[in-house]
Amino acid sequence: MPEHASPNFAPWRDRLHEIIFEADTKAGKAFDVALIIAIFLSVAVVVLSTLPSAASEPYRSVFYTLEWVFTILFTAEYILRLIVVRRPWRYATSFFGVIDLLSILPAFLSILLPGSERLMVVRTLRLLRIFRVFKLTRYLSEASALREAFYISRHKIAVFMTTVLIVILIASSLMHVVEGSAQNEAFDSIPDSMYWAIITMTTVGYGDVIPVTVVGKITTTLLVLVGYSLIIVPTGILSAEITDSRRKVTTRACGACMAEGHDADARFCKKCGAVL
Amino acid sequence: MPEHASPNFAPWRDRLHEIIFEADTKAGKAFDVALIIAIFLSVAVVVLSTLPSAASEPYRSVFYTLEWVFTILFTAEYILRLIVVRRPWRYATSFFGVIDLLSILPAFLSILLPGSERLMVVRTLRLLRIFRVFKLTRYLSEASALREAFYISRHKIAVFMTTVLIVILIASSLMHVVEGSAQNEAFDSIPDSMYWAIITMTTVGYGDVIPVTVVGKITTTLLVLVGYSLIIVPTGILSAEITDSRRKVTTRACGACMAEGHDADARFCKKCGAVL
Amino acid sequence: MPEHASPNFAPWRDRLHEIIFEADTKAGKAFDVALIIAIFLSVAVVVLSTLPSAASEPYRSVFYTLEWVFTILFTAEYILRLIVVRRPWRYATSFFGVIDLLSILPAFLSILLPGSERLMVVRTLRLLRIFRVFKLTRYLSEASALREAFYISRHKIAVFMTTVLIVILIASSLMHVVEGSAQNEAFDSIPDSMYWAIITMTTVGYGDVIPVTVVGKITTTLLVLVGYSLIIVPTGILSAEITDSRRKVTTRACGACMAEGHDADARFCKKCGAVL
Amino acid sequence: MPEHASPNFAPWRDRLHEIIFEADTKAGKAFDVALIIAIFLSVAVVVLSTLPSAASEPYRSVFYTLEWVFTILFTAEYILRLIVVRRPWRYATSFFGVIDLLSILPAFLSILLPGSERLMVVRTLRLLRIFRVFKLTRYLSEASALREAFYISRHKIAVFMTTVLIVILIASSLMHVVEGSAQNEAFDSIPDSMYWAIITMTTVGYGDVIPVTVVGKITTTLLVLVGYSLIIVPTGILSAEITDSRRKVTTRACGACMAEGHDADARFCKKCGAVL
């Protein structure tokens, strides 16, 4: 019997709660998979309905109908969730509750305010539910392994990011002075130069903003080489972190001195010598 | 005597089977190497015959002749394979059997349907046979080491790919709304925006689709920084996986001295010399 | 009592010195954080004041006023630092002392020489103080970990960089000869070709300088593949260095059981419990 | 006394040989450093002399003079090397001997054939001598560490490269068919498409060759994602190799069974249990 079951709560609500909110039972799993497929299809409808060819008949009517089908489906699901959950307000204000509401609102809003159906793209966020559905599988545990690697490296990343920010600011200012005086409109202001600096350092290199002066070109090549570190350094750090986090240090604590961080093959506490 | 040999099967077929299908004997090896060279040459002919200068005489005739030479050669090889193999149907429906057939069909088809010789590029797929030929060498064992590293990381990659997909969808929708209302034709639909998002996040940056609004430029720089993770994160994960798969240390402990960390091929304790 | 305290030095100066130059006390920490915020805001003002819209009223006056507010603030801080420090000359000629002076000079200079306010961007360098402020935290220790990894790899990086330089020079010379004779103006001189080579090898690929001849295109593809090593090789080296520097395992052996592989912080043998 | 010294060989030649060919003595080191500087300067002269501004007086005369100064210097050095070495022919046909000759020939050739001074860029190759000069330092040992890592990974790299080649061929053929029929001139032939495929997969993305059809754009995005593996996979492999090559397995062989590959901390043979 689920934890939330209680005498003054109808059993069918408990049953529905289990199906809609949990993924342990067969029915719950089936519901979740069906939901993910529905979300994927609704996102596909929103994406494809923006194509120019979707603006003409008969596609227009088809997409219009499909959008409303999914809106009604998701609305029914939202109302059902509110009914079966014990604390409706808590769900409604939760992260997924807000996304669930936001994904149906634009359709209804478009009746009053034509054009607001554009906001229906917020439905994309419902895809995040995919992580939730597979919560009990190892998918999320892997995500948290990544999160941990990032967390451990956060200071190094902070030092690195600050350095990168200063490099971008200095390079942008320099290019603004150098190229700006050469009448290169693309470097008219420092924010414009910063757009160039980021597009260049990350090696995207659209080519819409390019240096024309000799000093500008030399600065560009230097900046590009710095941009390389932008890949190399964090890659190295993260690799090392992940490699490290694999080498499992046990979480055993010494009974005598409470020291932690013992190797998996340790039989005695390395701090006080007591048997582990 | 090969496993497939049997009384009611001509010995010359067994002999030919050994040469054509296996690579253990000297003749089999020679056949395979000759085949790989023929495939490489036929691919070169297909590639070069598309050059504008190959459309005029005398090159046209040369390429035409060469293409038929390779077609006849490969047809002969295909028929031979069907004859010598014990279960022709099984070969014909196998992966390599289908590719072998597909690589000769377009030439014959072009007699009936002019223009279908273009499909001859499918011959490129025969290059995959190179892996088969070196099957018994360590080449494939290395490929499977890679495959294993990918397999072990598959959940992390799945979590990552889903996140990337959602980021692309959200960024595309946002840019469609922002740039679309600024009359930037390149962001006319979400699929168009998705093309831009992928070209940008992977740092290819052709420059055929670029943001023109301030909000669009800021979104671009943010997306580019996310795109960076697209390199950094999987690189780190894969490095760590490969590093890990190298360390084949067993968890056996020595019965005499309790030492651990023995190599997988160790038969005696490296600390005290006792039998493991 | 701080080390620099002495009888013939006013106590308020010692107290101010502690606040301004150190970050151990609560007041010192507060001063540093306030300073970093002020630097960030002043940099934001310099960056935004270059926008075209900032050239028209009322923004122009606002930015003008803000720039002078920060200039006066930083001037006061600079003078205060000179007063409270025991060896003013030493501070004035130190790295941060010079930057502090350079960040206020342009504003005063602009009174005599209109246009020199452009140099105010040098204020960006004050952001480097952020590293100083968090000196006592682990931020800088992480930076030095990176520095160490770079230091250990310096010979490999040197060998690699020399190879890259030679590749760039040879490719540039080749492209200058090949494309130059095809009237491709972008390869008019070897320095121009070097700009192309660096933009190409680092995969930025603006598209402002591109090969037009067949030989030029083949050279480009070869160079691009070499450019790939520019990422792969140092990434690999750095990852390995950082991974290595993590493994701080001592080479001490246990006197009792001869077990090795103890952590640097181990005081007892993890195998037999004897004192190391 | 050097190994090559002999009674019928003038002592001054031995002395000069030591200076010119070796780097152990103080004079030899000084000669090598002076030579590297001269090579760098001569390369700089060749590079800068291609600038448009170097074609007009007085720069033209200055560069002309400098080029001849270095030519005469290197000619003198070349003749000296031939005189002092015991086997002149062996030196003349060695790698560095050929480069030394090639770097002076174009200048003399330009007297007979105006325009051949362009070949002077071959002088750049002399920079390779920098590795030779530092031969006895650890620089080259680091280069060989890299070479070893590449050598160990060669099979994996081979498998990977073949896969990449096949992907490029298939993508190029597909794009040639798809875009070629859409009148996109840039995909007129498969070799042209291959140029596009390499520029795209390596994320250079000049933007001179871009897809215009929907199928072309989808193929492009898929190819770009494959191109990503082009970075990720070899980076991971190389990182792991270098990390591995650090973990020093001793080269001690067991006296009893000749087994190798013992850990640094092993005291007994892991194969036969004999004391190491």
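Letters are used for the chains, namely A, B, C and D, taken in the order the chains are written, and counting of residues starts over at 1 for each.
In this text, contacts are C-beta pairs under 8 Å (C-beta built on N, C-alpha and C of every residue); 3 or more make two chains touch, one makes a residue touch a chain.
Predicted model only: the values in this text are computed from it and were never measured.
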- Comparing centres built from CA atoms, which chain ends up most distant from chain D? A
- Given over half shared residue numbers means same and under half means different, the chain A/chain C interface is different
- Message: Using the stated contact rule, I'd like to know whether A-D or A-B comes out ahead in C-beta pair count.
- Response: A-B
- Query: In angstrom, rounded to a whole number, how far apart do the mean CA points of chain A and chain B lie?
  - Reply: 30
- Where the CA atoms of chain A average out and where those of chain C average out, how many Å apart are those spots? 29
- Centre distance in Å when chain A and chain D are each reduced to the mean of their C-alpha atoms: 42
- What are the residues of chain B that contact at least two other chains? 194, 203-207, 231, 235, 239, 243, 258, 261, 271
- Which word fits the touch map of the chains here: line, ring, star, complete or other? complete
- Message: For the complex, give me every residue of chain B touching chain C.
- Response: 203, 205-207, 235, 239, 243, 257-259, 261, 271
- Interfacial residue positions of chain C with respect to chain D in the complex: 155-156, 158-160, 162, 165-166, 169-170, 172-174, 176-177, 188-191, 194, 200, 203-207, 210, 217, 220-221, 224-225, 227-228, 231-233, 235-237, 239-240, 243-244, 253, 258, 260-261
- Task: Quick one: which bits of chain A touch chain B in the complex? Just the residue numbers, please.
- Result: 43, 46-48, 50-52, 118, 121, 124-125, 127-128, 130-131, 138-140, 142-143, 145-146, 149, 194-195, 198-199, 202-208, 230-231, 234-235, 238-239, 241-243, 246, 265, 267
